[in-house]
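Dropping the structures in below, format is structure tokens.
Two complexes follow with chain A in common, the first pairing it with chain B and the second with chain C.
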Partner chain A sequence: MDLISALRRAAFTRPNLLLVVAPGATGPRLAMERFTREHGWSLADTAADADALVEIGELDEPLTAVAEVLWRQLPRPAVRLSLGDEVGVGEALARLPERLRSWRPTDEPSEEWPEPPMADRAPDRDGLRLDVLRVPLGPVLPYWPAGLRLVVDMQGDVVQFAEVELLGVTGRTRPYWTGETRSAARRLDAAARLLGVAGWTAMSTRCQILRDRLLAGGTGTFVATEVDRLARRVRRSPLLGAMLRGLAPLPGLGDAHERLSNWLAEVARASTADEAGPPVAELLNVLPDVVFGAELSVVRLIVASLDLDIAEITEPSHGGISHG
Partner chain B sequence: MGWYVPVMALAALGLALVGATYAIGLLVTVQRRPLVTPPFLAGGLPREHAVSRFHVRWYVVTLLFLAFDMEMVFMYPWAVVVAEVGVEAVVEMFTFLAVLLAGVVYVWREGGLRWT
Partner chain C sequence: MAEPAPMWTVLVLPIVLGGLALFAASLNGVLTAVASGRRATLAEWAEPLRASARLLVRQRRTTFRADVVLRRVGIAGIVVAALLASVPTPLGGVAVADLPVGVVWFNAMEILLWALVWLTGWGGNSAFSLVGGYRFLAQALAYELPLMFALTAPPLAADSLRVGAIVQAQQDVWFALWMPLAFLVYLIGIVGVAFWGPLSPPAAADVAGGVTAELSGADRLVFLAGRYLMLAAGAAFAVPLFLGGGQGPLLPAWLWSLLKMAAVLAVLVWLRRFSLVRAERLMSWGWLVLLPVVLLQVLVVGVVVLLRG
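Let's look at the complex of A and B:
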């Protein structure tokens, strides 16, 4: 059995992780992303791709149900972890390869999944009758806001209806992006997500590295010049421009391309504190209208371009204290 | 009989390769029972079956593709003899292409290629 153990050692040196993140658990998520980046691990896009399911933050009932579905979808060997805060992240992850190598088959019962019915038809925009598929987007998708589920009605690849569901917001949920440094880091995080969805992975990773440097107390000037260079490259890219220009224009915020440029410009100027965007509740209200008629991949770009932090949704209910 | 030796050898090699694939699979697998799971839907479950009807537009494109696919089938033998037959063959083929092109123009005019 030396062959099998050798194969296992090779296969699990750098496991792929699938993250279920509670809104507001941004701290441990960032620690996680930093660890995986520094160790050359990668985050899984889907359950089939993953070796471990990592629950980050405190999951409420609906999010636990999501984690439960995903856990049953993970091919074995698989390990399930739960991380509460950033302190234990490195230690828990460092033990992961060993746990995967020593995994032994258990007598789990064979999975029974319900057989869904055939899709029904509805009139489409061409005046024809076409199948309608009800598809959930999120909460576990790459570069997707934690705790957001966008349920869309698809006809072909076109969104005909959308509604927003929020998961994981509890009484203890607190937004992470507070204070000046974190606001700047938030802009970089948002840029990293949008660039990631757009497929410019190298640039996305660059944004994440600068974000982490900023949060670790990196000097403003170095980060600012780096972000400035990065912003110029992003602005100049014709491909990215073709993808994002004119996409989901919002009053006062511009289209997706302008929003991305503004985020980076804000960090480069090191002045984010006075430029808080509209409240997340407002953005969530317009989201279904914005994605109406969009193609599936465009929906992902639109959501990434809005920089939604679901954890902020709890703020208005705290006795009406508002930023004035 | 000697004619069949290469064929038999190839068949044997094919079987051996397929058998080896299965054997390696059995040898290194961690769990014999395959994972039965619905498609990944970001942590949700599908509400409808994946089998669904396509938009009628695709059928127009399919018919167009078939027309030109068949044209290519005719062009291969034509390419072999065109030099021998000469001008006559060239005229015939381009007349044929013109007839097909008329179909494309018709579909275009009817809006069959309009996507949005």
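Let's look at the complex of A and C:
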């Protein structure tokens, strides 16, 4: 029995976390990312690899339903916790390993699986009848904007229809990225996500470290020099260029590669205030058109390259925006 | 020449290959830690062992209407394929079996992953894991043919498909030195087989882990172990094929083999610092660059062999 308990002790020193984030709850989300990075914990890609489900911010009914489904999918032992603001993050997470070790199978929920829809058939671009599968992207997906669900119809790996749904926007939702320091940090956060989707994890982590340093009041010049170096490496990478150049060009914003370069250049120049960018509602309006006909990995890159902050939506939207 | 190998080599193979795989996982963990701003402590080196303990005590879950049998065949099969692929790989001068067709054998075992990775993705009955499985096949179409031609270069120069004979043919000069392009294409192919680094889209974060998306507990442990074992098997096979096997001064041959294997493996692990390659780019690079390059390399090797008589 000693071996088992020793195994259990070691097993849960670094739990994997699955985050369900409400739009605008960026503060606690960043605190969470920082804690996990500094302590060597991981953020899980899916429920199957998570030890804990962490609800961040105030979840509305649809987001709570999402959390509920995920919670039932988490392999046991598992712990569920919710965090309202960044103050309690460190303390709540520090207790997590002990909670997992002392977990006992008492409140085992009944195992219910949401049945995945069967594939249907429809004519494709070339008039052939091919399988169509409806796949929801988000709201819980690595590097994905909080509160966004993009429902796509896929034929093979090509998107034939897309519909935007917004979750978690309530009357109390407020955007986090306000003021000069946070605007600069926002660029780094967006860059970290896009680089993360592109699979350049080392560079993505570097952006997160600089973002957190900026938010902690780090000296602007040091961060600016570091970001400048990073921006040059990003610009020069042939692999990243082959991935992002020519993707989703938008008037005034350039393609995905130019948008990424511009974000980093803005932080290096320490002048982000003048670059407001189009409102998120406008971007969400064009999103279904932009991803139409794209392959799944390209859809992910496009969404990450638009830096969507759902919390900036002024009134809760119903029904969604669609493209036929 | 082909005296049967002693029975104990069968026991040594999993230990050595497992050790190499653990080394790869540890190095990966340490690189992650350093990139995250943490120190490379002993705990970070031991992280794969802790992570294994975590997966062992956790529940195994499957998805709704998963094809459990096919999925398990896929998951466990990768470990088996990696071990079998290493049967002709000599440590020093001793292999489990120095087959007369050793190079073809390695190729055949490595190609089993086409089926195994796809089965793992398909068996999960989930969109993302299925996408991961198909991504593996799409990538394989780009790198497999160049890899197969890269594998033919050393046997052509050594006039034998037997790995032992290939090592002997490198007594004067390693094949990596006069057929560097074949060596390079071979390494790229192995990165593809183990869907590692720039070729890891089958298990990437943009599809929530792809083939690994629905794996939990022991299933996940075995699958990830299989992937590291395959990476190790590929790195190990590069040593007799291109780097002179156990040849080297002072140290015993088995130690030279081991050091070279670890060095090749470290280089492969380090490739994780690059971003992903998009599938359609890989396809055009594979067929328009890698394939002509490796064919040219085989032609050069053929001409050299003819001139030497």
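Annotations
One rule holds for everything that comes next: the second predicted complex is superposed on the first by the 305 of 324 C-alpha atoms of A that agree within 3 Å, B and C clash if a C-alpha of one lies under 4 Å from a C-alpha of the other, contacts with A are read in each partner's own complex, and residues count from 1 in each chain.
Everything that follows uses one rule, which is that a contact is a pair of C-beta atoms (placed from the backbone, for glycine too) under 8 Å apart; a residue touches a chain by one contact, two chains touch by 3 or more.
What you see is a predicted model; the values in this text were computed from it and never measured.
Of the two partner chains, chain B is the only one touched by A:Leu128; chain C is not.
Within the superposed three-chain model, A:Met32 lies out of touch with both chain B and chain C [touch as defined at top]. Once chain A of one complex is fitted onto chain A of the other, the partner contacts of A:Trp200 are limited to chain C, with no touch recorded for chain B. In the superposition on chain A, A:Met243 makes contact with chain C only, while chain B stays out of contact range. By the touch criterion defined above, A:Arg14 reaches chain C but does not reach chain B.
Once the two complexes are overlaid on the shared chain, A:Ala256 sits clear of chain B and of chain C alike. Of the two partner chains placed by the overlay, only chain C lies in contact with A:Arg300; chain B stays clear of it.
In the superposition on chain A, A:Pro77 makes contact with both chain B and chain C.
Contact with chain B, but none with chain C, is seen for A:Ala67 once the two complexes are overlaid on the shared chain. Comparing the two complexes, residues 7, 46, 48, 73, 75-77, 113-116, 133, 135, 141 of chain A contact chain B in one case and chain C in the other. Put simply, chain A touches chain B in their complex at residues 3-4, 7, 20, 46-48, 66-67, 69-70, 72-73, 75-77, 103, 105, 110-111, 113-121, 124, 128, 130-141, 144, 149, 155-156. Of all residues in chain B, those touching chain A in their complex are 27-28, 30-31, 33, 35-38, 40-49, 51-53, 55-56. Remark: chain C residues 31-33, 35-38, 43-44, 47, 49-51, 53-54, 56-61, 63-65, 125-128, 131, 134, 198, 200-201, 204-209, 212-217, 220, 272-281 touch chain A in the complex. Remark: chain A residues 7-8, 10-14, 37-38, 40, 45-46, 48-49, 51, 73, 75-77, 113-116, 133, 135, 141-143, 154, 157, 195-203, 205-206, 209, 237, 239-240, 242-243, 295-298, 300-301 touch chain C in the complex.
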